[in-house]
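I have a structure I would like to understand better, so I am pasting it below and will then ask my questions one at a time.
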Amino acid sequence: MEYVSPEGLRLDGRRPMEMRQLRAEIGVVAKADGSASFEMGNTKVIAAVYGPREVQNRSQQMSDKALVRCEYSMANFSTGDRRRKPKGDRRSTEISLVIRQTMEACILTHLLPRSQIDIYVQVLQADGGTRSACINAATLALADAGIPMLDLVTSCSAGYLNSTPLLDLNYVEDSAGGPDVTVGILPKLDKVTLLQMDSKLPIDNLETVMQLAIEGCKAIANHIREVLLENTKELEYRRGV
Amino acid sequence: MAGKAGTTPTTYSPSPTTKKTKAPLFKDDDVDWVRPDGRGFPQCRPAFFRSGAVNAASGSAYAEFGNTKVIVSVFGPRESKKAMMYSDVGRLNCNVSYTTFATPTRGQGSDHKEFTAMLHKALEGAIMMETFPKTTVDVFALVLESGGSDLPVVISCASLALADAGIMMYDLVAAVSVSCLGKNLVIDPILEEENCQDGSLMITCMPSRYEITQLTVTGDWSTPKINEGMQLCLDACAKLAKIMRSCLKAATDSQE
Amino acid sequence: MVGLSLGEKHFIQGGIAQDLRCDGRKRLTYRPIYVETGIIPQANGSARVRMGATDVIASVKAELGRPSSLHPDKGKVSIHIDCSPTAEPSFEGRGGEELSSELSVALQLCLLGGKSGAGSGIDLRSLVVVEGKVCWDLYIDGLVVSSDGNLLDCLGAAIKAALSNTGIPRVQVTADPSSDEQPEVDISDEEFLQLDTSGIPVIVTLTKVGRHYIVDATGEEESQMSSAVSISVNRQGHICGITKRGGAGLDPSIILDMISVAKHVSEQLINKLDSEIAAAEAEEES
Amino acid sequence: MGFPNASGDLSSEMEVDAFRRLFPLQFHERHLAESIRPDGRPFGRARDTSIALGAVASANGSALVKIGSTTMLAAIKMEVMTPLLESPDEGCIAIDFHMPPICSPIVRPGRPAEAAPVVSKQLSDTIASSGMIDLKELSLVSGKAAWMAYLDIYCLNADGALFDTALLSAVAALSHLQIPAVSLNDDGKVVLMSEEDGEMVAKEPVNKEKRKLTLKSIPFSLTCLLHKNYILADPTAEEESVMETLVTIVLDSSSQLISLYKPGGSVLAYTSAIQDCVALTRQRVKELQSVLDEANSAMEVE
């Protein structure tokens, strides 16, 4: 199947290096300590952060740092075919773990000993790149909750189909069986914290695909920073400063 | 032979030969149709209760309304699960399950979550939870055979089992449902009637206190009809409670 | 969990007794309702409804299925609700299942009518393609994103909005339906049929706090309730379902009084909701 | 009540119930020394046994069996299946033993009792090895259709001797089983013949002759409890929990040994003890056979 037309357009009309439309909103769940929704094209996720708060299960308490937990769940209507998905299947356990490890690396957990931070991500619509969208939403929610972090973590995926590197794969491209590289970076420090890839990819191309994904991450970081800034300004305005 | 059961081929229960559509149970405006078991509309099936059916339990009861046969055991008050936090009032834990042969087609014999939740809600208002702090009372019901109005029978039977176990209650809980078929209200419907009902109303109440602990209504009801249905149920509940009370009395008399 | 001090509890109860609640509402006033439709493009219909900090999403998916042998002339509708842990940390893992199933059952009772389909808000007959052979199965999925009380009313409203937003593809029967074989059907991807949603009831939950009852209780108010009765009423003022929550017993006369209050409140709610849905639809189209 | 100062025998100082709960072993041993059991039975006697057939209207065959207060409900539902390739003219029986949470305080919802699968397996093995049922009788159309008999046994009240009661209820339900009359329709599917139009339909029922199973050699069992030199027949749950060594013996109606089962326990079962148990079982088989015959003839009278 042709994923990139001779004119250089992808199935959804994007160019190979083009990202889908980003939309982010802060404070979507009123009762959470921090929350955000993040959209990449048709992929839409919500993240809510509760904490830092008392550790629920005493035996997990750590005296030198905070406990970070994460749960990833998909809504029944999030995919094209309606399916009842049992909670805690392998895929969601794996993604929960990836998100938790990624976020844990950038939260300054040593500043919050004997406490617990819960990150809940809920996928409302899945159209490829849910992993990245979840990490981006979680970053925003953590920032909204005022949890100290080394830096924002942003994530983006890139693939390689029809011998063209493609940024931000959607579901159709993702399920084409080509390589799918998900990268998470700390943009200010310019460090990669997450790198996942499945399927085969010649080692020479990895560099370019990864670079593309990193560029994507940086673009997302800029967007997220703008959103946060705007949100802060709004808060400032409301306070009457 | 039975060892092969693990690799059981798919089975089906044979259906009746003639696929003729069954004559409808009643015709829309026909006021004088007869109920399949010959009862009058406001007439309940004869109710049979017996307490103390299971001797391993703290209290138990068996109820039989026509073909609906239910057995309920009560355990406790006993230690709550370890994971539970301290609570200065008691806990009520319910479970309703069906046998595999309870329904006309062979079922899985699994737990009935909806009924479990309903049973819990119907009973919690009647039990004096503060009399057994830190502990749990377990109410387990098994529907041996389903013949319609299963939930009301389970609830009434459970309250009898609670009384048999000596759990403090404000009053016995009696439950009755009515089905709306066309223009008629029929009380204590059987399975056939439930399958073609237009609406149903179930009341569980504490007759001596004249309080409703649980109420569910489905289908299209006008206000006067709700009034009528509720009154019908409340009257029947009062009668049912009398039968339940006499069953308890007989049990204590025989003990003495 | 709502952790309230004794003073806060008294404040809430006192306010309700004096017909002035914490957020300035009267006992029988709803919070503002925001409706957004068509938010899940993959579904046949979807809506998001917010009442204060309560935020729910409902989606409708239609699939072709076989009618049950008991009711060959009717389609099937099922409702399933999920509670996301984003709304409440205690919904993590399997923690939300109990509430999810309670809400699903209550919504089925209130919206789908009796077993024969009478009193159902959705005309099940309109879902049949070939009698006894092919019908539409509607799968209604709800998701609680954020919860601050009154989930049932909010979900009911979201389902009503999602159903008004639902387009069911027109179906052409190509093969001869008289034979015993399953007829072949051709699903159009251009023409859609709108569901008639005028008969779908709204759910009004009256929460009893002290001696009074209030509509649209917030989470804090719900923690003070002794019992709550959810009544679904359609446009004709007919009762389509009642469920009761909370343990305490109620006198039958109070229930009858609640029913009449609910009927009165439902009129305003239906009008308000209909205009919100219409506005949301208009916005989506523009 | 005074405070006991000697740690030895407290029985004279305590109420009977308290003694029974605190020192169950001593309580039972003192009974045994008097050659009587707490419920008043002599050692070798089993509890009263009753069988009620046809307790479940929605099943094809059913029985409610009580041994003492242990109560079990067995019911059979017949469904049609395509026979397995290796045995085209045989039906199948699937036996399942359930211990729902109502029957005993040790069972809780979602946490099934350990005993249930054990008894299930024992039952299937026993019924298979007894050769009681000829699976060929369950065949309808060779290679096309055969009966699958689902035999489900529910324990309603668990008070010892679970296997004995389960086996008896299974046997009783099988003897009560009425196989429905069926015929083949045009599609080769098996359909039920309803009573009223059975005459009018031209098709012959496929199983005209085979409406009841012939039970060849019926297995009966007795569980005995070995403690020191005593042999107690048909123990209650309390006796089972206090004294560990159980021996279950299954004999068929012609007193052939079908199976013998001794799950661990501290006391070694000597050959002589086993011999005694077999003798007790032999007596018991006669009793059970007559109880079953009575129940069956009572059904016929109706």
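Every chain is named by a letter (A, B, C and D) in the order it is written, and numbering of its residues begins at 1.
Quick note on the criterion: contacts are C-beta pairs under 8 Å (C-beta built on N, C-alpha and C of every residue); 3 or more make two chains touch, one makes a residue touch a chain.
Because the structure is predicted, anything quoted here is derived from the model rather than measured.
Student: With chain C gone and nothing shifted, sort the other chains into their touching clusters.
Tutor: Connectivity check, chain C excluded: A | B, D.
Student: Counting hops between chains that touch, how far apart are chain A and chain B?
Tutor: Tracing touching chains, the least step count from chain A to chain B comes to 2.
Student: Centre of all protein Cα atoms: which chain's centre is nearest to it?
Tutor: Given all protein C-alpha atoms shown, the central chain works out to be B.
Student: Please tell me whether B-D or A-C has the greater number of C-beta pairs in contact.
Tutor: B-D
Student: Just how far, in Å, is the C-alpha centre of chain D from the one of chain A?
Tutor: Measuring from centre to centre gives 59 Å for this pair.
Student: Approximately how many whole Å separate the CA-defined centres of chain B and chain D?
Tutor: 29
Student: Could you state the distance in Å from the CA-based centre of chain C to that of chain D?
Tutor: Averaging C-alpha atoms per chain gives centres 50 Å apart.
Student: List the centre-to-centre spacing of chain A and chain C in whole Å, with centres computed as mean CA coordinates.
Tutor: Each chain reduced to its C-alpha mean, chain A and chain C end up 32 Å apart.
Student: Mark out which residues of chain B touch at least two other chains, giving numbers and ranges.
Tutor: Chain B, residues with two or more chain partners: not present.
Student: Mark out which residues of chain C touch at least two other chains, giving numbers and ranges.
Tutor: Chain C, residues with two or more chain partners: not present.
Student: Could you list the positions in chain A whose residues touch two or more of the other chains?
Tutor: Where chain A is concerned, no single residue meets two or more other chains.
Student: If each chain is a node and each touching pair an edge, is that a line, ring, star, complete or other?
Tutor: Line.
Student: Let me make sure I understand the interfaces: which chain pairs count as touching?
Tutor: A-C, B-C, B-D
Student: For chain B, which residues are in contact with chain C within the complex?
Tutor: Chain B reaches chain C through residues 113-114, 117-118, 121, 124-126, 170, 180, 194-200, 205-206, 209-223, 226-227, 230, 234.
Student: Please output the residues of chain A touching chain C within their complex, sorted ascending.
Tutor: 28-32, 35, 42, 46-48, 50, 71, 73, 75-80, 82, 84, 87-88, 118, 120-122, 124-125
Student: Inside the complex, what are the residues of chain C that reach chain B?
Tutor: 70, 98, 101-102, 105, 109-110, 112-116, 118-119, 227, 229, 234, 238-252, 255-256, 259-260, 263
Student: Hey, which residues of chain B end up touching chain D in the complex?
Tutor: Residue list for chain B touching chain D: 1-5, 7-18, 53-57, 60, 67, 69, 71-73, 75, 78, 95, 97, 99-104, 106, 109, 111, 138, 140-142, 144-147.
Student: Mind pulling up the chain C residues that touch chain A in the complex?
Tutor: That would be residues 39-43, 46, 52-53, 55, 57, 59, 61, 63, 80, 82, 84-89, 92-94, 139, 141, 143, 145-148, 219 of chain C.
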